[in-house]
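Chain nomenclature is as follows: A, B, C and D, assigned in order of appearance, with residue numbering initiated at 1 for each chain independently.
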Amino acid sequence: MTFTQECVIPVDRERLWDFMMEVPRVASCVPGVEAVEAVDSGAYRGSLKVQVGPIRLALEGTITVEERDRNAWRARMRAEANDRRLGGGIRARLGLTLAPGESGTRLRIDTDLAILGKIGEFGQPVIKKKADAILAEFARNLQTALAV
Amino acid sequence: MAHRIVGQPVGKLEGIGKVSGQARYSGDVTLPGLVWGKALRSPLPHARIVRIDTSRARALPGVLAVLTAQDLPDILVGRRMFDMPMLARDRVRFVGEKVAVVAAVDPDTAEEALALIDVEYEDLSAVFDPVAAIKAGAPVLHENPAAYEGAPAERPHPNVQSVLRFKLGDVEAGFGQADRIFEHTFRTQLDHQGYLEPHAGVVAIDDDGRIQVWASNKMPFRLKELLSHALRRPPEQIRVNLTPIGGDFGGKGSLMDLPLAYHLARVTGRPVKMLMRYAEELMAGNPRHPSVITMRTGVTRDGRIIARRVKALFNSGAYAAFKPAPSVNLGGTAMGAGVYRIPNLLIEAFCVYSNNIPCGHARSPGEPQMVFAGESHMDMIARELGMDPADLRRKNLLRDGDHLANGHHLEHVRASDTLEAALKASHYAEPKPGPWIGRGMAMTHRHIGVGFTNARVRLETSGAVTLSIALPDTGTGAHLVLCQVVAEVLGVTLDEVEIEVANTDDFETDSGVGGSRVTHTGGRAAYHAAEKLKQQIESEASKHGIPAGALAEIARAAAKDGRTLEASHFYDAKAHADVTSFTAQVAEVAIDPATGQVTIRHFTTAHDVGTIINPIGHQGQIEGGLIQGLGFALMEEMKTEDGRISTLSLGDFKLPTIQDIPPLTTVILQDQVGPGPFNAKAIGEGSISAVAPAIANAVADACGVRILDLPITAEKVYFALREKVAR
Amino acid sequence: MIRLTVNGTVHELEVPAYRTLLDCLRYDLGLTGSKEGCGVGVCGACTVLLDGKMISSCIALAGFADGRSVTTVEGLAQDERLHPVQQAFVDAGGFQCGICTPGQVVSAKALLDANPNPTEAEIKEWMVGNLCRCTGYYKIVESIRSAAQRSRA
Amino acid sequence: MNDFDYRSPRSLDEALAILGEYGEDARVVAGGTALVTMMRQRLVQPRCLVSLRDVQGLGRIEANGGLRLGALVTHRDAEVSPLVQERIPVLAETFRRVATVRIRHMATIGGALAHGDPNQDPPVTLLALGATVNIRSARAAREVPLTEFFRDYYETALEPGELVTAVTVPAPPARSGAAFLKFLPRTADDYATVAAAAIVTLERDGVRCREARIALGSVGVTPLRATSAEALLGGQPLGESLLQAAGEAAKTAVDPLTDHRGSAAYKREMTAVMVGRVLGQAWEAARRSAQARP
């Protein structure tokens, strides 16, 4: 399932870009993310706690930066995480695009998300909605994080 | 010809056990020391298995064994084409493919252990759409399919499992003579058989090494062969014990989890039970093939079909293993010609590999797909020609002496009578009761299946008769039918005939249940065995000067001389008889233009049948198949996204309920020309295939909207109506 | 320790908290008449009566039935004689493969206990939660109708 | 399922105490139709399961001007209760449309509310009727209007350690009528593609609308009120065009999800149809009651 989030961050592209490339810092803007640490260049390990209604997911996995193209202001990341108790997990491909926007930089996040295993039995549409909401909050957090 | 018992509406004798909860299905079998097997399934549609760590699962209390492909011999399984590993070996090809299996003391512990197995995957690019799968450069699922045992030779693309072709005359020349040519493309959905008993199996290894199997499998002797092949054990080392089967509809003929249950039994030294959860059935059973079917038909000005070309793509999923036919394709493909005489015909069906759930056989394999396409196509042509759809059919119906696409020669053809009977009973020609109401017809036919069956009848000293047979009870009422045949032949009452369900040790072989064959093959085997016993009884009677009716006396007299009065017969119907059974159906629907909702106001089904041995069972087959057809037409759909099935419970994948059934009229045209006992024909697969096109045609008649892809949902009708208004 | 009265017999059992009533009946008490179909309370193959009310035993914990009385399909026949509902299903062909049948007859019995003379609409509304893939339901309606007539006769 | 402590307290205070003790790790179960199913799927794995089965005093249906339905009242109890049928027939009818008799025997009102599933039917009618939820914790009791109870998908105003004890439904005013519609295009046993409930109260003239409340289910992350549609109705007499306008307005209130019961676009269109129909029926009922008791 794919979906797109767009928001305007009131800083110039350079500043947003530099911030976005610091994965641990940017990850801390994702609601529910805990302890993200670098494992090697471009690869990070971390955990994400999400509650989808009665279901509490404790996802542990990795984020890999697959492409950084500062000239095109484009980056691609890949996240893989599993919940060992539930037996299932998620795979996500994220495409970040930075474009000049009025009063700041327009950030566009294209996400391709796959729900794996047991979790999928709960209902893909609900989980998609939840992921969408998480990204929206992420965008808001980014704005506040960079507003100062 | 009048019969005493054949033709009587008697209730099912298996009934007592079934209504009282005493009937023991495979899943009910329990043995001392029994443990539970559960499989871990791939979450990815196509990936390389980098590493599997089972240590945490092994450490869980109550876990007796954890197996991966590394613990098993490198053997591929299947029914005809052997291309599927028992557990994925270094590569998974669909979401739901088994990668590891656990044995534990109870099912919950086994499930918990599965969550403790860590598998590292590396994604491979996948393909899901059958059209994309056979394009150049598409991801290839199997490097060298030709090397698989049982693989057909023809392979235009590495992702093609098989090609099935039917040809009459010269199709290109035929199109040359056509005044008008019509082409339409249709799609049908992925659909589960919907039996309410998920696959169940128990495997135990005796002290002497014999393998005991209880399984929801409708072909016990074929199962024995396939297990012997999969386990590399001699067939005589395997005994399949028959149990009732909780619904088959084509889906219960494979090995499914049995080889894994065996290996778990081997390593644990305990009997092992494996039951699939319904979610597993929906992600990894062997459902009905989805299809993309293009029909191109050339007709003359006066509406005669002169040529037809049919191209069908069946999305077969990741493995061909579940298809039992030698063609490794779907025989129903021949129905691309419908019930019509088409001088120049070419039908081509491609079963295609993709990273989806592997598909198998479902009630009248390939026919609901083909008949939906063909009979919708007929109505679309009729409307283009400004003809009544009934007239277009009348002009082209099969007649005595015609040949079907598969070369099958026909006599006693009652296509026309069947159509007219359905039209009359449904008041097709009469004015419709109001706006937004429409009527639609569709036709099909279904051959009488062939195969082979062993039967044994014995006269007990009590005077009762025992019929011994190794055909499992899939619910069709076959056992009762066979008892009726024996009682009829021997002149005893039905209560005096007992059925004894044998196992695979008791007989040489049997082709099992399938293809609408059982009344024919089982019935004839029982008939001839009973005839032989009758002769023994008569000679025994005259020898002792006992009246031929005093059965107990005769049996006891024989017993005194140390003889049991017993006769066996092996019946093998190799070739199809030159008859078939036609079906004509008419749906009357009402459309709610505000919502697109389709209501079936009335449904009429007409059948050309042979001697009816049990009217209750016969009607039950018609009604059951028809409502499966209704589900296929209106609601059933296993939705997938990138190979992931999202309808993983019967809460999301919906089957028809008792509140969804329409008022029904059944018309029976009886003939005494069937190859079965007392000239019976087949009925099991006659009522399912024409339902969807009859409804699609009725919807078009009601509101001018043509739905080309199943199921016919309210949403599709609603948006199609809006488009029509916009135009 | 839980205490179940099943078909009139009292059982005291030590079962894990996660044991469903269905598994408890099938595997702890050997009453395999009740079947597991969908496992999510939709299909009705596991229907039993809890204090006379039909429920899905596949999504009920055994603990829920502690101290209560459970009726399963095995409890319908009285001393070898089939319950009128069971007999009607046999005579009218209200089943084929039989896997849904225990749930069907238990539900039908509960219906006739509550409403001895149901209309066709009432039969269908009550039975909507008992799926059957074999019969197409026509003969199930017929079976329940004739059972109602017999009980009245 | 994984293993867990199973507790069945006999009193509300005992239940609340256990909840306090286990906090996040405890789950409350009443009928179990939702929770046990998810536990069987291993999607929910509580350390402690608190069964309310034996808790006394939560299973009553009482008349208090309107109606007060205890949290442990089952859907079936509410459906067949003469009191509910007589006082607020639309409520009995709504419960009757939920799932199957078997599930209605198990599922409780409190459980359905706490579950917060936007595809449920009763919250829709309860929302239209202006119901409030009674909530208890070890420390305090509070009453929350249903309009403020549902927060998000399966998320409600319930705090950890709190329990739903009852739902209170005010008596429908004079000259009012109500209706509930569940749109099931697929099969008779399913969640609604769209569910709609409305209550219309007429002016003394028995013609013009004084107040109308419209609620919808299965078209957003929570059951919701179609206030934009309601606003059009005050002071108006019934008419086809008015019903259509209300339906169109209701579309702006919804944010449906594409699922197996229809695409978002289809559900939005069907919202308009169902709102028009349910309003028409409620209006008719109101007119009848106005004629009976002006």
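We adopt the following convention: a contact is a pair of C-beta atoms (placed from the backbone, for glycine too) under 8 Å apart; a residue touches a chain by one contact, two chains touch by 3 or more.
Predicted, not measured: the structure shown is a model, and the values here were computed from it.
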| request: Considering only C-beta pairs in contact, identify the chain pair with the most of them. | output: B-C
| task | Select the chain at the greatest separation from chain D, using centres from the mean of Cα atoms. | result | B
| request: Select the chain whose centre, defined as the mean of its C-alpha atoms, is least distant from the mean of all protein C-alpha atoms. | output: B
| Roughly how many whole angstrom separate the Cα centroids of chain A and chain C? | 50
| remark: Between chain C and chain D, the Cα-mean centres are separated in Å by 29
| Between chain A and chain D, what's the gap in Å when you average each chain's C-alpha atoms? | 35
| field | Gap in Å, rounded to a whole number, between the CA centres of chain D and chain B | value | 43
| Interface hub residues of chain A, defined as touching at least two other chains | 85-87, 121, 123
| field | Multi-partner residues of chain D (at least 2 other chains) | value | 1-2, 41-42, 188-189
| task | Could you list which residues of chain B touch at least two other chains? | result | 108, 115, 279, 646, 649, 652, 655-659
| remark: Those chain pairs meeting the touch criterion are A-B, A-D, B-C, B-D, C-D
| field | Residue ranges of chain C in contact with chain D within the complex | value | 16-18, 20, 39-42, 44, 47, 50, 53-56, 58-61, 63-64, 66, 107, 125-126, 128-129
| request: Give every residue of chain C touching chain B within the complex, in rising order. | output: 16, 18, 23, 26-27, 30-40, 42-43, 45, 72-74, 76-77, 82, 86-87, 89-93, 95-102, 105, 123-125, 127-141
| message | Can you tell me which positions in chain B touch chain A when the two form their complex? | response | 41, 43-44, 114-116, 118, 279, 641-642, 644, 646, 648-649, 652
| note | chain A residues touching chain D in their complex are 51-56, 85-87, 118-119, 121-123, 125-126, 129-130, 133
| remark: chain B contacts chain D in the complex at 108, 111-112, 115, 279, 594-597, 634-635, 639, 646-647, 652, 654-660, 713-715, 718-719
